[in-house]
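You will see chain A twice below: alongside chain B first, and alongside chain C after that.
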Partner chain A sequence: MSHVAHVLGRIASAVLLAAVAAFFALPMLWLASAPFDAHPSITVSLPEFTLDNFRAILDNPYALGSIGNSVIQAGGAAALVVVLAALAAYALSRVRVPGRDALLYLLLLLSSVVTGTAAMVPIFELATRLNLVDTHLGVVLTVSGGLLPAAIFILKDFMDATPTSYEESARVFGASPLQILRHIVVPVVRPGLATIAVWAVANVWGGFLLQYILLRDPEKSPGSVVLYTLYTEGGQPNLSLVSTFSLLYSLPVVLMYLFVSSRYGFRFHGGIKR
Partner chain B sequence: MISVHGLTKVFPGGVRALDSLDLDIGEGEFFALLGPSGCGKTTLLRSIAGLETPTSGRIGIGGTDVTTLAPGRRDVAMVFQDYALFPHMDVAANIAYPLRIRKTPRARREARAAEVADRLSLTGLLGRRPGQLSGGQQQRVALARAVACRPRVFLFDEPLSNLDARLRLEARTFLKRLQDELGVTTVFVTHDQGEALALAHRIAVMDAGRIVQVGTPAEIFHRPATTFVASFIGSTPMNLLPGRAGDGVLHVAGAALPAPGDLPEGEPIVYGVRPEYTDLSATRRDDGFPGEVAVLENLGATTLVTLEGPDHLVQAVVGEGREPAVGTAAWAVPRRGRALVYRDGRLAGQA
Partner chain C sequence: MAPATSPTDAAGLGRGRAVAFALPALVLIGVFLVFPAIWTVYLGLTDYRLTGPAAADPRLVGAGNYTTALGDGRFRDSVWLTVQFVLGSAIIGQAGLGFALAWIMRDRRGPVRRLVEALVLLSWILPGSVVAFLWIALLDRDGGTLNALLGTPGAAWLLDHPMPSIIVFNTWRGTAFSMMLYSAALENVPPSHLETARLAGASAFQQLRDVVLPRIKGHVLTNVLLTSLWTFNDFTPFLLTAGGPEGRSEILPVYVYNVALRDGQLGFGAAVSFLILVINLVFALAYLRLLRDRREVPG
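After this line comes the complex of A and B, so read on.
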């Protein structure tokens, strides 16, 4: 009797899990099937197979270039964030500054409270005065500023977990501060740096509002903004183009994830002590 | 070889870790800095290494004043308590790291690493990462790295404390032999008096940022300069009993004992005798501390006996088969010439 109940329980839980999985898998499935469908709709169906959608997106004057723009902006921001956050986190972890933790939490708090739409007007004003509107640099600087506090916070954890005796040992052997950074600190916290880089790229890659406001010139717009312009003549979202471009646009991020994951084994530590 | 003059270190916040400290360490000496935690011994070692900047005072190594010199230019090698092996480098790269900093050609430093590894029986482990090594092997790699750079001075911070008890004895013998063969001046920090007595040629006992006594292990063990050193040194703590001098004898815990010369009458004193130099008598003796056998602790070949008197505890070590029964009365008799008399906490004479 209990055996039957056990089997029924197993079946019930499998069905429930399958339903939950399907709920999350459907959008992915749509993304995989719609680009190859001659007449995509918002439902998932077996596609009438065609590659016309890809031809159409390649004909769009801004589509391919926008992916290049995304790479420039995301790559630039990630590089800037990793370098600055690593230096700041190292200093904050090793030098005793009065009120260090308070400063860090305040930065983190402000960066997460005063964000997005709230900061948009002053940021635009600032960018205009500095002649940074319509430049990649403007976008890179602005998004980096938003990402830095959290990046410093996460990296400081990695730095704190690295014993100071490593550096002291190297110092006694005569290593210079730059050598210590290159030979010891960077290799030891490399998984942390990779985490921050991936996180920064993913953030900028999907970012829309800042880029939309700071860039007027469609030649410089990233993919996330160009995606917003893919309409039919009737003013409806052009689903075949939207789905095709979405697929193309997500590929680089997936590849990056796979690369970093195979290299470092992906562990997203966040601000949590290991 | 190493000379320290008037060294003072005050940490931000006002903690005085070193208090106007003087010390001279000879060429080729194996020197121990011994003391309880917080006594400043590690700060002293780190100051010699250059990792701490002294508030005032001077440090010389081999005749040159190195007080303001960067750690890397003092020609010292330090082994840290946690070994500080770089986790992303294999054993060979770790051992060769000091040579890499000195821009030794790759072939030369690989040869040197192999040579040192051979000497410390690490040859089979050269390709491993520190994480794949046992505690004892990690310690040997850390030693090898220090040996590889041929410094004038070795500095060891608690070199044995991260090893388990059994391994620690093996490593102790190994370390002593290594220092003996290399003949390099070595300063090490420890809180374990047994380690200091076993390894060092000379020991400096430290307390509260000052050196209380410097001497050979035998001197420190037999004639501790203060009651602090007396209670700190020895695997079983020394019996320290308050008493008073009078009529040419010492009145201590119900016993009348011969007094050393020149002790003023009526002065309070502390009478110290090691349990190892205390004999038990089953019959009443005027020169013995009376008490009832309260505890027996088996030390292997000997037994530590605790006698409980009216207002004192005395411990004595007795040989195998001579343990008294718990609850019987006994008298603890200090052996002639082995007892010490302290006045105001300082050694005043031998009795």
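After this line comes the complex of A and C, so read on.
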């Protein structure tokens, strides 16, 4: 009896997983078919195979350069966020500062509200006054400020979960705190750092509003903004260019994720529990 | 050598160096996050506009923007739509589906698990601006893939069912985070405890309630807090429906965009932003309260 129930349960879970897989795959089908279609429409269909769309996107003056801009902005922000968040998370994990938890929660709260649409006007005025409009640095600093609280919050849980005994031994042998962080803590929390880096890159790579506001010069715009300039003369989205560029623009983040997940593992090793 | 200030300070950081380690991050957060936030609070007290005389010389109007917003039916509708959006897509959608997937796949290895995980994660990793186009193509009225599949040509999902559309969209978009978090959490539940419960005749539901839930309650709370905050302030639905038709999917971030940047009422928009912050704060305090209750339970 219980065997039957077990088999039924297995079947039910397999059906459910198939349905979930279909649900998640369905919207992505268009990305796999439309770029290769000579006459792409919005419907997924077997393409009339062509690579002309790729040639057309290479002819667009801003398309390829915008991917380079995205690399600079997302890479810069991810590097900054990982280094600064690791330092801060380690300090906050090991040393009790009064009001630490309240401060972290408050910053987390602010970051999720402010990085939406709420503070766009002050952020633009601030960037203007600091001469950061139309610079990669302006985008990097602004998005990093928004990503740091969540990064510190998640990394601190990783740090809390690592045993301190190695650090004690290293200290006995005279290692400085920075050396201990670099050579002992970082290797242990590497999956956490990799997860944060991927998360930060994916966030900046797809970000639209902030980049749209801070960059007037199309030469500096990232791909996420340029994607919305691929219109036909009639004012409709040019579907062959949009789908082709979408595919090209998605590949780097997907490859990065595959690389990181095969090399370091991409999961929360029991992290984020508080 | 500086004395350790707490038992966890194994590396002998001390308070001074801890501050030095945290300072670069805090400065960046201070300049590019806290400062614009305070500025927003100030703007909320003025009649600052994008164009016209109030653009050059904004006047202080005190609490005027706040009383206008609280008395505005459009604002209150927007709050209610946002509550539906968070409940439907963050709590039931992302957290619910994420937990269900983690639970079903907890002792599965092999290609099925890898395929499902890869698809769920892919929908999270793809760039936001690309994802919006994918969903427009999926739901389009005339040539959308969904209508072709269901045999319902001409069904205008984004116009007739804007809220369910963006709720399903956001579930699709964000489930990966919850799934990964619960997968990690379930690894902390010893299989022997589940086995014991099963042998004692506990049903799957009883195992979940009595064995699993008490061990992962902290994860559940953190997960619900983060996904709710992120969903509450998510602007991506704008790329699908722009808040329409007739404001029927105008969740709060879209409302702020529409009044502040489209209509140019920057002061009023800033005041609404501050109200959003207060609503988020109330929610986070409720969460902290629950977390404290959890800690008071012995064991």
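Everything that follows uses one rule, which is that the second predicted complex is superposed on the first by the 245 of 274 C-alpha atoms of A that agree within 3 Å, B and C clash if a C-alpha of one lies under 4 Å from a C-alpha of the other, contacts with A are read in each partner's own complex, and residues count from 1 in each chain.
The rule is short, and it goes like this: a residue touches a chain if its C-beta (ideal position, glycine included) is under 8 Å from a C-beta of that chain, and two chains touch if they have at least 3 such contacts.
Just so you know, these numbers come straight off a predicted model, no measurement behind them.
Visitor: Given the touch rule stated above, what does A:L251 touch, chain B (first), chain C (second), both, or neither?
Guide: neither
Visitor: Examine A:I11 and indicate which partner it touches, taking first as chain B and second as chain C; both and neither are also allowed.
Guide: neither
Visitor: Who does A:L110 touch here: chain B (first), chain C (second), both, or neither?
Guide: It touches chain C, and chain B stays clear.
Visitor: Can A:R171 be said to touch chain B (first), chain C (second), both, or neither?
Guide: both
Visitor: With the two structures laid over each other on chain A, which partner does A:L51 touch: chain B (first), chain C (second), both, or neither?
Guide: Neither: A:L51 stays clear of chain B and chain C.
Visitor: Please indicate which partner A:L29 is in contact with in the superposed arrangement: first for chain B, second for chain C, both, or neither.
Guide: second
Visitor: Check whether A:P187 is in contact with chain B, with chain C, with both or with neither, and answer first, second, both or neither.
Guide: First partner only.
Visitor: Who contacts more of chain A, chain B or chain C?
Guide: C
Visitor: Quick check on the output: what are the common chain A residues between the chain B footprint and the chain C footprint?
Guide: 96, 165, 168, 170-171, 175
Visitor: Enumerate the contact residues on chain B facing chain A in the complex.
Guide: 12, 49-51, 70-74, 76-78, 80-82, 84, 86-88, 97-98, 100-102, 149, 155
Visitor: Using the touch definition up top, name the residues of chain A that touch chain B in the complex.
Guide: Against chain B, chain A makes touches at 96, 163, 165-166, 168-176, 179, 183-184, 187-188, 190.
Visitor: Under the definition above, what is the set of chain C residues touching chain A in their complex?
Guide: It is residues 5-6, 8-15, 17-19, 21-22, 24-26, 28-29, 31-37, 39-40, 43, 97, 100-101, 104-105, 112, 115-116, 119-131, 133-138, 140, 142-146, 148-149, 172, 180-181, 183-185, 187-188, 204, 216, 218-219, 221-223, 226, 229-230, 232-235, 239, 253-254, 256-257, 260-261, 266, 269-270, 273, 276-277, 280-281, 284, 288, 291 of chain C that touch chain A.
Visitor: Can you list the residues on chain A that touch chain C in the complex?
Guide: Counting only chain A, the residues touching chain C are 9, 13-14, 16-17, 20-21, 23-31, 34, 41-44, 80, 84-85, 87-88, 90-97, 105, 107-123, 125-126, 141-142, 144-146, 148-150, 152, 164-165, 167-168, 170-171, 175, 177, 180-181, 185, 198, 202, 205-209, 223-225, 227-228, 237, 242-243, 246, 249-250, 253-254, 257, 266-274.
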